[in-house]
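Read from first to last, the chains carry the letters A, B, C, D, E and F; within each, the first residue is number 1.
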Amino acid sequence: MIRFDPGDERIQNARTFRVWEGGGEYNVARSLSKVFRCESAIVTALADNQIGRLAEDLMWQGGVDTSQILWRETDGISRKVRNGMYFIERGFGLRPPVGCSDRGNTAVSQLKTGDVDWQKVFGEAGARWFHTGGIFAGLSETTKDVALEAMKKAKESGAIVSYDLNYRASLWSERGGRDAANALNHELLPFADVVFGVENFDASFAAYAEKNFRRAASDIRSKFPDLKVIATTLRNVKSASRHDLSAVCFAGDEVFKANDFADLNVLDRVGSGDAFAAGLIYGLLAGKDVQFSLDCGAANSAFTLTTPGDGSAATLSEIENLSNSKKLDLSR
Amino acid sequence: MIRFDPGDERIQNARTFRVWEGGGEYNVARSLSKVFRCESAIVTALADNQIGRLAEDLMWQGGVDTSQILWRETDGISRKVRNGMYFIERGFGLRPPVGCSDRGNTAVSQLKTGDVDWQKVFGEAGARWFHTGGIFAGLSETTKDVALEAMKKAKESGAIVSYDLNYRASLWSERGGRDAANALNHELLPFADVVFGVENFDASFAAYAEKNFRRAASDIRSKFPDLKVIATTLRNVKSASRHDLSAVCFAGDEVFKANDFADLNVLDRVGSGDAFAAGLIYGLLAGKDVQFSLDCGAANSAFTLTTPGDGSAATLSEIENLSNSKKLDLSR
Amino acid sequence: MIRFDPGDERIQNARTFRVWEGGGEYNVARSLSKVFRCESAIVTALADNQIGRLAEDLMWQGGVDTSQILWRETDGISRKVRNGMYFIERGFGLRPPVGCSDRGNTAVSQLKTGDVDWQKVFGEAGARWFHTGGIFAGLSETTKDVALEAMKKAKESGAIVSYDLNYRASLWSERGGRDAANALNHELLPFADVVFGVENFDASFAAYAEKNFRRAASDIRSKFPDLKVIATTLRNVKSASRHDLSAVCFAGDEVFKANDFADLNVLDRVGSGDAFAAGLIYGLLAGKDVQFSLDCGAANSAFTLTTPGDGSAATLSEIENLSNSKKLDLSR
Amino acid sequence: MIRFDPGDERIQNARTFRVWEGGGEYNVARSLSKVFRCESAIVTALADNQIGRLAEDLMWQGGVDTSQILWRETDGISRKVRNGMYFIERGFGLRPPVGCSDRGNTAVSQLKTGDVDWQKVFGEAGARWFHTGGIFAGLSETTKDVALEAMKKAKESGAIVSYDLNYRASLWSERGGRDAANALNHELLPFADVVFGVENFDASFAAYAEKNFRRAASDIRSKFPDLKVIATTLRNVKSASRHDLSAVCFAGDEVFKANDFADLNVLDRVGSGDAFAAGLIYGLLAGKDVQFSLDCGAANSAFTLTTPGDGSAATLSEIENLSNSKKLDLSR
Amino acid sequence: MIRFDPGDERIQNARTFRVWEGGGEYNVARSLSKVFRCESAIVTALADNQIGRLAEDLMWQGGVDTSQILWRETDGISRKVRNGMYFIERGFGLRPPVGCSDRGNTAVSQLKTGDVDWQKVFGEAGARWFHTGGIFAGLSETTKDVALEAMKKAKESGAIVSYDLNYRASLWSERGGRDAANALNHELLPFADVVFGVENFDASFAAYAEKNFRRAASDIRSKFPDLKVIATTLRNVKSASRHDLSAVCFAGDEVFKANDFADLNVLDRVGSGDAFAAGLIYGLLAGKDVQFSLDCGAANSAFTLTTPGDGSAATLSEIENLSNSKKLDLSR
Amino acid sequence: MIRFDPGDERIQNARTFRVWEGGGEYNVARSLSKVFRCESAIVTALADNQIGRLAEDLMWQGGVDTSQILWRETDGISRKVRNGMYFIERGFGLRPPVGCSDRGNTAVSQLKTGDVDWQKVFGEAGARWFHTGGIFAGLSETTKDVALEAMKKAKESGAIVSYDLNYRASLWSERGGRDAANALNHELLPFADVVFGVENFDASFAAYAEKNFRRAASDIRSKFPDLKVIATTLRNVKSASRHDLSAVCFAGDEVFKANDFADLNVLDRVGSGDAFAAGLIYGLLAGKDVQFSLDCGAANSAFTLTTPGDGSAATLSEIENLSNSKKLDLSR
């Protein structure tokens, strides 16, 4: 999607917008490519107009392979098929970030089973990891099936599958809300190895108690025994400009916890959850241990708060320094 | 609609967009208010989200009364109802202005007869002139009927009705094209007093011949005898940066022609046709003669080419000077 | 007035300025229109040049009715009559906001009794609330009389009158200073129903004691028994970037206190006092109780600190959420 | 003065202004310093507030010595003494540059004889050339006398004196107009060696006839026999974006004409007359012959049309190349 | 290289620069990828610091494969190895584009034979076309040999080799000038199939005569009989803002000429020669005939003049329309 | 040097850079001129191209006399001699400021003894204070000698000499590191009266203990008995956006400590050490006592954190207010 960012103004009074690309699953792919220097690709559909080509231009800059995108012909005015956009202002102090999604009728929401040649993705291209989540799956009745199809194919091919429980109220406002979203997640989780987000767990930074997390994570794994890693960020939103952040994960009956990042200055929080997922995925893909992977995720998430846009602008060495709590001072 | 303008870049490579408000009928209302200092209002529907409120903010700046707007509740992600947007780059030299409309599923395209309280518009508010055209009427099967309804009510109330033959290929691409649009126009023109655009007439600046125009205009009037004024701009697009512009109109069996503006430098051509309509309407509303009104329209149109955005940024005295061919040099 | 804002630079080194409109009494009208969706108008005089028309353009965007403005002819170089401007930098951390007023010889300072047709304002237009204060009244020897004239006419017409004790040292630097300003206030307060600011009271957030406020407010009311509401913000300026804010008011022998907003991040403090007045006026105009109105004012004031420009960019629902201390997190 | 430039927008709709410094006489000094690398200083008065200090910052960048500026204490709101500003938009195509001066009550307009220590200027600092003109002299009744005083002192000291007939209608609108300005010029010209501008001569590029110029210049010299050089630009304003430019001068009974610059693209015409004066002054100061000096002036004037701001951004070698009609193509 | 662009200002007075990536050979690769949708890669060396990574970010956006770049370790302050930069202002009207290269000691100028694994480039990656030219070859004594090495390997692998005679005076200022550059070209041309630029031929648009071109091209081919295509743009620089442009090529004893583009508005001319090369290469690579390929090159070159930056921002369909002289008017 | 500042983005993803001038010793001169209104000049060498002239333009704005600069002819592409640049991003929260110097082969690093006419500097111009430090001296093997030459000449002339121990790891990375830098300092310190920085002392704000400082400073003075003042800032970098700052100095066996500035909001920390030096130098030059001078330095340093760019944008009166701990609130 194209993100419109009014800078330090509010959407309704702005006269200029910066544009970024973003979207839950895409953000993960971008961090993997740009920060962690892994090859990543996005599987989606876009309407073939100038807005779609702007998204392509941004994704090229992001280093994400766009060759698997299905380009849909438009009718010239986006009556049949469109590209998604969202307008988000960053917030400041007691003014929270607020936004407005404009993604009715998007090309991606019209994806249906059979549209994507998964053999090409998992066979020829040899994808080793497949990541999706509740946003894509929740876009429409057909994307739910596409998510299922993809996860099954991924599993069959031997790729690791991760799933983000990400919930957007607006997607479900007229389709059953949180309950329906949970039901969907439960349909898809049997095919996941890694899950981001934990049901029935208070992910606040301040309220964290290991036993609560262990109980909630164990419950999930008892329902979905194939899950190998259950991970989530912990966060306190003190104000739009100040967060506490940490992360925790459950793997092999062990609970791992990242360093705490307290009192972080926040420039733009959007995408910080996706940055966490990317860091953890990177670690696991690179064959690092769980603690390193978790720290990588937490560091990438914290770093993402300091730059505008959804994406992380960190470098791998910065993430490693941050994970190792090395002092970061002006170097020149 | 919100217009996104990438400045001197192309849409697909831009990272920043200026926003303006625009739309054929709206542009006329804005010129009437901002340049000619007449009270004007817009009758439309908008989705009530931050994009709609941005449009409102822009229209307030434009001086157009927004109290007749019907605000539609959204579902949070614009699946049911949206606000229209368009992306246009201005072009430069041999690179023409190109753009991309994103107006599927807009609130205004869902307007249907009975939605608007025309009694309030023409009765209480006492509108003296009603302007619409082929873009609004062509938005959907229902807006066609709304246009008809409105024009009839306007006529009944004694307001003057003008109609712009404006044709957007993208609106008709799957609904019968130019022929269907013409058929629609013919259905509506019986209720118009003033029409902008002339069928079967080559409106090029260079090819203008009075007898051709007289013949074409006479033909139209013979079909729609209530038409009192038939007007059009004449234009040569030498390049995106250079136009020749004039205007001509037929009224009471007489042909009137505006001064020629040759070799105009063009910064942004969008909205210059609407500026012509506004100038002519102003003249007639203000009780001026046809020649003055036509000159006013042509001058406002030419002026609009020199500033960014759809709207005219002229002042009334500048338009009058330009109509009178007064020399315009740096005054300070 | 036009406000020139150098962004993150200092005035004396800037090469670009953003412009906003502002001014104590105007800011109140703008919040009432833009945030609280009440009709509001400004009564003032402007020199009719491009700077004045820029102010008009900004006020249209602000939604304030400009039809009562008296436009003064200029001599082309502003020797006789000008429009006011002020240059303010926002400050940052230990660097305080500083600025420079340029309002000698303004059209508004030349207003004199008889210039304004108050019958039109309070009779035909039917204004229900009239707000003025120490800045307008202190502009010149003649505006003092205009304020008096207006307040009397307002009272006679049944409109509620509010008065802000706002003091600008620069206005009084050669005319008797604080003492003269107080004397003026005392001349005008007999005609006010609501007053913002409290004499002989330390309005610091940290030092607040209800009994001190009760005593100071009671003293004032004993002098001006027509005063129904006496209100003020409470503030600590910890740095240019961090304030504590609250508000308190005295009405019907009762003291009401708003929620405390501690450790607010401040982007631009200018206009936050006016935002308080607007919120409280809105509540009272809308028939809400005093506590609601006070909370409304405090919330609007706090919100105003988070956006650039004098004006509040909040929406009514955001103010209500904030007044109710509802949690504000990223919604999308 | 501070110049506010709205870029490609109009003043009344702009939200951002670039600032430049400018002013007829100052522009000459700036070109001499920045382009021609002569030491130059400005003698003026400024109000000592942040606006004045912004002017100082700009003048330092311009390389003009500010040590002779008289800094006037302000009352905080510019009631007594101000700094001048002007708002000018550049124009485009058929939209001419228009602007608005705001220089009532400026510090410089309050200068009176005796304020400036001319001994310091012409004695200690050893100024070799003194340039003033109709704008400064016309600011007020007292600056007229200051101009007279300065020109006499300059002459006595042996410095060359040049005077620009520059006429600003707005300065004279209530003081006798063009006739009064001419009378003033006639009072001052006896003390000038060089004059820019020619009375009773049509300085249009197209209408130039040597005999007309010779006659007009001879007439002037017969009235003011001390005049050694009488010079003027020749210009056709085809549109705001296209000028023809040349220059002509009369010296020692000979007429010299610069190369013609036809069909120049114009970005910003403001200051191009001053750039001409600076080039010619440079040539004469540097001991070059009249033809070289005139060509220098014309080239600097033409170059100034191609950059934003009043000032010339040329380098001396570029001016020399242009004077010599050397081909200018991309060098890298 | 990183290009610094001061927009409408001059380099020496700018306070803000836009950055682009550029460089003769790179620009060709970028057009092939971005406009013509061919896979392209760049073989070069960059210093591994933030400036190099900025170049990478820009090249990713440009769609050019960066996996063949050799990243050189830096010493932290660029004493040993640097990345190249250039500062160019676009020029306007009579002010020509001027610039300043800063490419001493760059990583690429230190490339030497053996550094690049050409087997990977031509074998594994299977490059079908290799383009280089006089800028790369002229960077240093070692890049000359690298060019030779590469061209030989390319030829052996069956790839087509093109060579641009591009001459930068600054590169040769102390190494023998034009003569030395010609000698180098003659050393390399035996390995080229296609050459851009023609020795001993006046490539001005106005002076074009087919027989002169035929003679010059024939001469070259008689010296380098392997050359299959000899092509060049024809240009008149009327001013920085107005060019005439065409192109001509010699292939199989036939002379082909592109359509003439007269009186083009020029925004930024840098890179227009490279855009010509890219268009012609695309045509030949895609198996089109010579005339189509030449028209493609000329159209891409003309289009590049209308956007900022070195690169072409055209789309393939726009180039095809332009080649076919289809009318380009505002479509929406 | 030219500083490129990507604003709120990272260098590697930026598309626009603001430029500033900077450099350790220069920053001191600029503060002395701009803030403290002393005459200051810079002695350095620059390559005479547009980048060098941009530096000149910035230094003129900074008020630093550039007449002692040695302008070196370039070869057009900076192979032989260049101008230094550095790219620094400001950092935010947990993201530290990072940067990249590009100063290989600069004109200044090629300065050698005999190049500068010190007689002109200390004799004719009568410099009363000479400041240099470890950055300049460490640029190359020849600048070391130039520093020595200059300090000796300064001493002889009676000027006060100050030296900043400033260490840039990148300058010494291949030349012996910190040890070599210390050795150089020890070679130069015998000729210094004032030194900024203290060897073997932990200059952290939190860990400050007077006895430690006294011991370290005494040690230094015992080695270099001519040192009259030994001064340093004390700092805690809590995050890129929050510092604690103070300063301490040793003079005449007494330890002086400035007020503590705790929890400072930091916009841009670069240059804050130089600002400290400038403030202290100003005080001593102006004949103030040590405590005042130290407070002046600390206040200027703290103020510099609040504005972008290396330079301090304070005014003298603001520094004095801050030194005196006067309350700084919005004045208008």
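In this section, a residue touches a chain if its C-beta (ideal position, glycine included) is under 8 Å from a C-beta of that chain, and two chains touch if they have at least 3 such contacts.
Every value quoted in this text rests on a predicted model; they were computed, and no experiment measured them.
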Legend entry - Partner chains that chain E and chain F have in common: A, D
Legend entry - Fraction-based call for chain E against chain A, same above half, different below: same
Inset, instruction - Name the pair in B-E, B-D or C-D that forms the same interface as E-F; by residue number, over half of the contact pairs must coincide. - result: C-D
Legend entry - Between the pairs A-F and D-F, the one where more C-beta pairs touch: A-F
Inset, instruction - Would you kindly say which chain has the C-alpha centre located farthest from the C-alpha centre of chain E? - result: C
Inset, instruction - Calculate how many whole Å lie between the centre of chain A and the centre of chain B, each centre taken as the average of the chain's C-alpha atoms. - result: 44
Inset, instruction - Take the average of all CA coordinates in chain A, do the same for chain D, and state the distance between these two points in whole angstrom. - result: 61
Legend entry - Contacts with two or more other chains, residues of chain F listed in rising order: 10, 12-13, 15, 53, 57, 98-101, 168-170
Inset, instruction - Could you list each pair of chains that touch one another? - result: A-B, A-C, A-E, A-F, B-C, B-D, B-E, C-D, C-F, D-E, D-F, E-F
Inset, instruction - Using the touch definition up top, name the residues of chain A that touch chain C in the complex. - result: 8-10, 12-13, 86, 88, 91-101, 168-170, 237, 239-242, 269-270
Legend entry - Of all residues in chain D, those that touch chain C in their complex: 4, 10-19, 49-51, 53-54, 56-57, 75-80, 82-83, 87, 98-105, 168-171, 173-174
Inset, instruction - Enumerate the contact residues on chain A facing chain F in the complex. - result: 61, 261, 264-267, 302-303, 305-308, 313, 322, 328-332
Inset, instruction - Would you pull the chain A residues touching chain E in the complex into a rising list? - result: 53, 57, 60-63, 315
